[in-house]
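Order as written gives the chain letters A, B, C and D; numbering starts at 1 within each chain.
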Amino acid sequence: MASSQHVLLSPAELSYLHSSLSLTPPLRPDGRSPTQYRPLSAETGILPGTNGSARICFADGTEAIVGVKAEVEKTKRRWDDDTIFSENNHHQQQQQQQQQQQEGEEENEGRNNNDEEGGSSDWVELTVEIPGYRDDDSGTVFLGQMLSEALLADGGFVKRLRINRRFHWKLFLDILLISPPLSYPLPLLSLTTHLALLATRLPKLKSEGDEDPFFDDDWAAAPYLYARDPATKRVAERPPVTLLVMAVGGNIIFDPSKEELAVADVVLAVSVGDDAQGKGEDRMDVDGSNPGRNLKLLSIRTVDPPSRLTPPGVANAANSAYGHAQVVNTGANQKMPEARQTESEAVEGVWKPPRGGAKAVVMGALVQKVLVRGGVADEVLDALEGVDTS
Amino acid sequence: MPREAEPSLNEKQFVLQALQDSVRLDGRELEQYRPLELTFGDQYGVADVTLGKTRVLAKASAELTVPYADRPLDGIFNIATELSPMTSPAFEVNRPTETEVLISRLLEKTVRRSGALDTESLCLVAGQKCWSIRVDVHVLSHDGNLIDAACFAVVAALRHFRKPDTSMEGGVLTVYTPAEREPVPLSWLHSPFCVTWSFFGEEGDIAVLDATWMEEQVRSGSCTVSLNQHGEICQIAKLGGVPVEAVSLLHCTNVALVKAKDMSSKLDRWLAEDAKRRDKGGLLAELSAENDRVPDM
Amino acid sequence: MPLDTSTYNLALLRVDGRRWNELRRIHAQIRTQAAADGSSYLEMGHTKVMCVVTGPSEPGPRRGVAGAGGGGGGGGAGGQSKEAEVVVNIVIAGFSSVDRKRRGRGDKRTLEMQSTLSNTLAATLHTHLFPHSQINISLHVLSQDGSLLAALINAATLACVDAGIPMTDYVTACTAGSTSTYAANDEGADPLLDLNHQEEQELPGLTVATLGDSDKVVALVCESRVQISRLEGMLAVGVDGCKQVREILDQVIKAQGQKMILEGTVDKGTGLNDMDLD
Amino acid sequence: MADRRRINGPPGATMAPVFEDDAGQPEIKNGKGRDRAPNVIRKTFLKTGVTPSASGSAYLEFEGSSKSGVSGLKLSCTVHGPRSLPRSSPFSPHIVLSAHVKYAPFATKQRRGYLRDPSERDLGTHLETALRGAIIADRWPKSGVDIIISIIEGDQDRETSKSQGDETWDMMNVLSGCITVASAALADAGIDCVDTVAGGVAALVQDAGEDSTPRIVVDPIPSDHEKVLGACCVAYLPTRDEVTNLWFKGDLPASDAGLYTQLVENGIQASRNANRVLVECLGEATS
């Protein structure tokens, strides 16, 4: 499932799209504003057989289902972890842990201790299924890696899966795209995963310490993976979301459709998390509206813009027996940094696939636009908060 | 993907029309098999089956390995099918075609899932050591009805096969070479055989057994029934194709039972013949009780 | 955990409280998905499947459709054939069963089901009307509780109706089993209709798919050992079950059609006069 | 998993022997850090034309750290093409680029199988993105080029444990090496590019010690530092001043946008350094 799937658009159509998207404000084919997402309907808890599940339908008909299943797994001992599991050691560990809690999670002296608190990224297994594509297709792998990267980036997520020193939860995330991939499914899959994780509950632990874990049978007592604030019923910390954002001309466009991607200059997938730390009580009380979040940047990936693979248009002037005139022309233009722009402007209305990369400044602007307080990431998280995940 | 040349329209028409009149190109009755031949190899567990021009070779082998973690008390039993380009240009190496997947599934369901081989008897030390029995099926020549031939070959190979004898003493597992101890046969429970029906025509009212390659090209559906000599169905697979009246399917299974019993007795006879041939002057003959009494005479 | 069949003999009730000839609850919906040409959602008891049909359309560039061939039925490669190719793709979600089990793309059981579905549907769809094209059927299994193949066939039929692909009749499927084990040749064994997962594990059973309300069997799959004498009873119950399923599916389609006419999504055509709308 | 084509090892796990450290090692473990200036990349060896049978090829080596038991990075890249596409594939107005990255089974601590795993496929996709921006693809319609990279030695510290999650950071270094070596091999194959693209890595690291503050270093070796807070890998075209691929990972507060910009700038700096090596190497080859 590469972003570079074939787009059946003629050079003339591409050229029209490009110029209309480059206008200020840009004119998108479906009439959205540059930062607007496609309208969506979402529900959670649709699959009783899972620990958490969610389904999102975008208005254009693309639909995804995510199911989360958890299993108890024995934590692997590492070769350099020479602590023999004895009662003595056990106490020591507990003391250390207590001590550590007092000190906050800032400092950890021994490596051993450090590992106790952390987890391994093997504890999460994420699979993406796109109908019609093999699961080892590079595009599918890319999507899966991108989503798991965001989830595991800060190492905080796996900590939630720890049961005790010897056991942990192994979380399986199965992400299914139900509809045919009409657009690059990254935003859809990311939002659905976000909701599914919010709805995920793990059985309540009844055992104590490091004994073999056993759990409360009562599902109603099962705590959420992402704990709710008991008073406000709000989720304190939220799973990350990955936003797809592209630049075309001078404009920045969010949640691009397949057609819009076909003329993109640069496409970025930006994962952001909502940092719970620093989110004080004082900011919660403002009449329900969100006073802004402490966003954090978790990962950025460049998505290969499919525009590079579009067929070029041929200008009337160059449309003679020898098309070489154009190639020579581009060769000369390469000396100039703005070669691409000048080329496309040179012949009005003739599509030319972009060449080269993007300025670091442009990429920076894209990221900035995502992260800025009250920006799109904030909006998306706000909107997702509206979904009932209980 | 390379494809086999399809038969021409005229050929198809000819075969179909002949079948309408209950005539087959090779002069057989509709419910008649081509001559079935079986040759055992020099080694134990090699069976070479020919069914008309179709020829399938199966070889059984055993090796010691670790049982699967989730089934510590069971041995491992696998059937590997290989349809090489030698058989037909439509088959490619390392890329299972639909035919190959279906054949291997059918064999698996017929022989493995029906419990023909007692996998528990393959386990030597629970969770640590077990036999892994593997049957490799090689199709040498493809003239239709691969499934029946392959199934017969697999069953024959497994029943002919002898695995090295082992003993367990004080926690020490010993595997004996054929020279030390005569290899032992597998613990075999029942012998299932596949019988494949082919249906022809829009209505699927002409049912034919043991279709040749040409007939398979023009058939509109097929149904494979696996049965053993005790009259148990091990598997039925009519995977789509032309709709057939339920009553005629019942008739098909009943005829298939007769054919399966026939195959079963044939295989028993061949196995007995082979055993007799091997016994002649064999190690077993020397050590048998009758020999002991010779000096007394 | 062996199924306690002794209780069945006492009360003639099965583990989930059904009688021998009762179907589980079937809930179905069509047109669940706006972007697809046809779509459906089907629940048979706790078995839940979704189906999306795309096409008939121009065969896309040969992508690595799951496994080789992807269960391509219809006949020949899509491009040149005189009939549309029915390409079926089944995704069994990892979370669908009680214990998570991941099935890779090369899983032979899935490939076999794909091929079965493709050939089953090709028998009823008028593929000859769409030469050089492809009908893509993609199925998602969200939850499994027995009778999986039957549910897949039913869901695919519904989605094909929704997609408006001409077909001879409904292909409906259900499972049938028998209370006897393979060894016991007891004559008193009852046939059972519509097996759930537990029954499927313990008892012999078969999946049967029939065309319309005829007795014509399109697909018949039996994967367990059973006495040949049991077959007739099981088959009869199964075929009868298929007819019941057909009625249910027919109602679903009619209800959706009615709704669409009332909503004005489609014009009330001439052919619809005899359909009674209240 | 089901690798039936090769003769695989026996079932049941075998472990490579682990030798105990010399006495006194432990203090070095945490005490010994980076011995380069923050803006200096490791010494790099690059040579083109190493595989005569390929249209283009290159070999790249990063110097290992001075610490014992730390291997450098060794990459070899071959480029096949431009060549005609197989007849079954559809028309393409551009050159079809496919990048294949594979660790040798012995390249890392953990043995790699013969089948590509997700992380290798992921590297391949990143590499494709980085190179596609550099290649002038429309000069070869209906043709394809295959770029095959084998990682002969992965950049890994044998003494750090697997569960420290360092592998993810190692991948960035490997990717930057891949980009540079592939660029050299493409040039060797004579495939037109807008510029030579080179990879560079910058990371925000925290060193051991009570009072150390996070700092930005280029070309980091994860085991040299106590903790890596974030890193980015940049593929950069110096003459056009453009970035073809950006991969960032980590945990940065959004409020501090300067940190991100600095990180990318440092990545670009590292890439410029690598580019100098690249250009020099190509110059040597042609002279």
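The rule is short, and it goes like this: a contact is a pair of C-beta atoms (placed from the backbone, for glycine too) under 8 Å apart; a residue touches a chain by one contact, two chains touch by 3 or more.
These are the chains along with the protein names UniProt gives them: A = Ribosomal RNA-processing protein 42; B = Exosome complex component RRP45; C = Exosome complex exonuclease; D = Exonuclease.
All figures in this text were calculated on a predicted structure; none of them were measured in a lab.
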item: Chain occupying the middle, per Cα centroid; value: A
item: Chain pair with the higher count of C-beta pairs in contact (B-C, A-D); value: A-D
item: Centroid spacing, where centroids are CA-atom means, of chain A and chain D (Exonuclease) in whole angstrom; value: 23
item: Centre-to-centre distance between chain D (Exonuclease) and chain B (centres being mean Cα positions), rounded to whole Å; value: 51
item: Chain B-chain C (Exosome complex exonuclease) separation of Cα centroids, rounded to whole Å; value: 30
item: Centre-to-centre distance between chain D (Exonuclease) and chain C (Exosome complex exonuclease) (centres being mean Cα positions), rounded to whole Å; value: 49
item: Residues within chain D (Exonuclease) bordering two or more other chains; value: 90
item: In chain C (Exosome complex exonuclease), residues with contacts to at least two other chains; value: 61, 104, 106
item: Residue list for chain A, restricted to those that touch at least two other chains; value: 6, 136
item: Residues of chain B defined as touching chain C (Exosome complex exonuclease) within the complex; value: 1, 3, 6, 95-98, 101-102, 104-105, 108-109, 113-115, 221, 223, 227, 231-247, 249-250, 253-254, 257
item: Chain A-facing residues of chain C (Exosome complex exonuclease), complex; value: 33-36, 46, 48, 50, 52, 54, 60-61, 63-66, 89, 91, 93-98, 100, 102, 104-105, 136, 138, 140, 142-143
item: Residues of chain A touching chain C (Exosome complex exonuclease) in the complex; value: 6, 47, 49-50, 53, 57, 59-63, 65, 67-69, 71, 127, 129, 131-137, 172, 174, 176, 178-180, 182
item: Residues of chain D (Exonuclease) touching chain A in the complex; value: 18, 90, 92-94, 116, 118-119, 121-122, 124-126, 128-129, 132-134, 136-139, 161-165, 168, 194-195, 232, 234-237, 240-255, 257, 260-261, 264-265, 268
item: Chain D (Exonuclease)-touching residues of chain A, taken from the complex the two chains share; value: 2, 6, 76, 78-81, 111, 115, 118, 120-121, 136, 138-139, 141-142, 144-145, 149, 152-155, 268, 272-273, 275, 294-304, 308-309, 311-312, 327, 330, 334, 337, 339, 353, 355-360, 363-364, 367-368, 371-373, 377
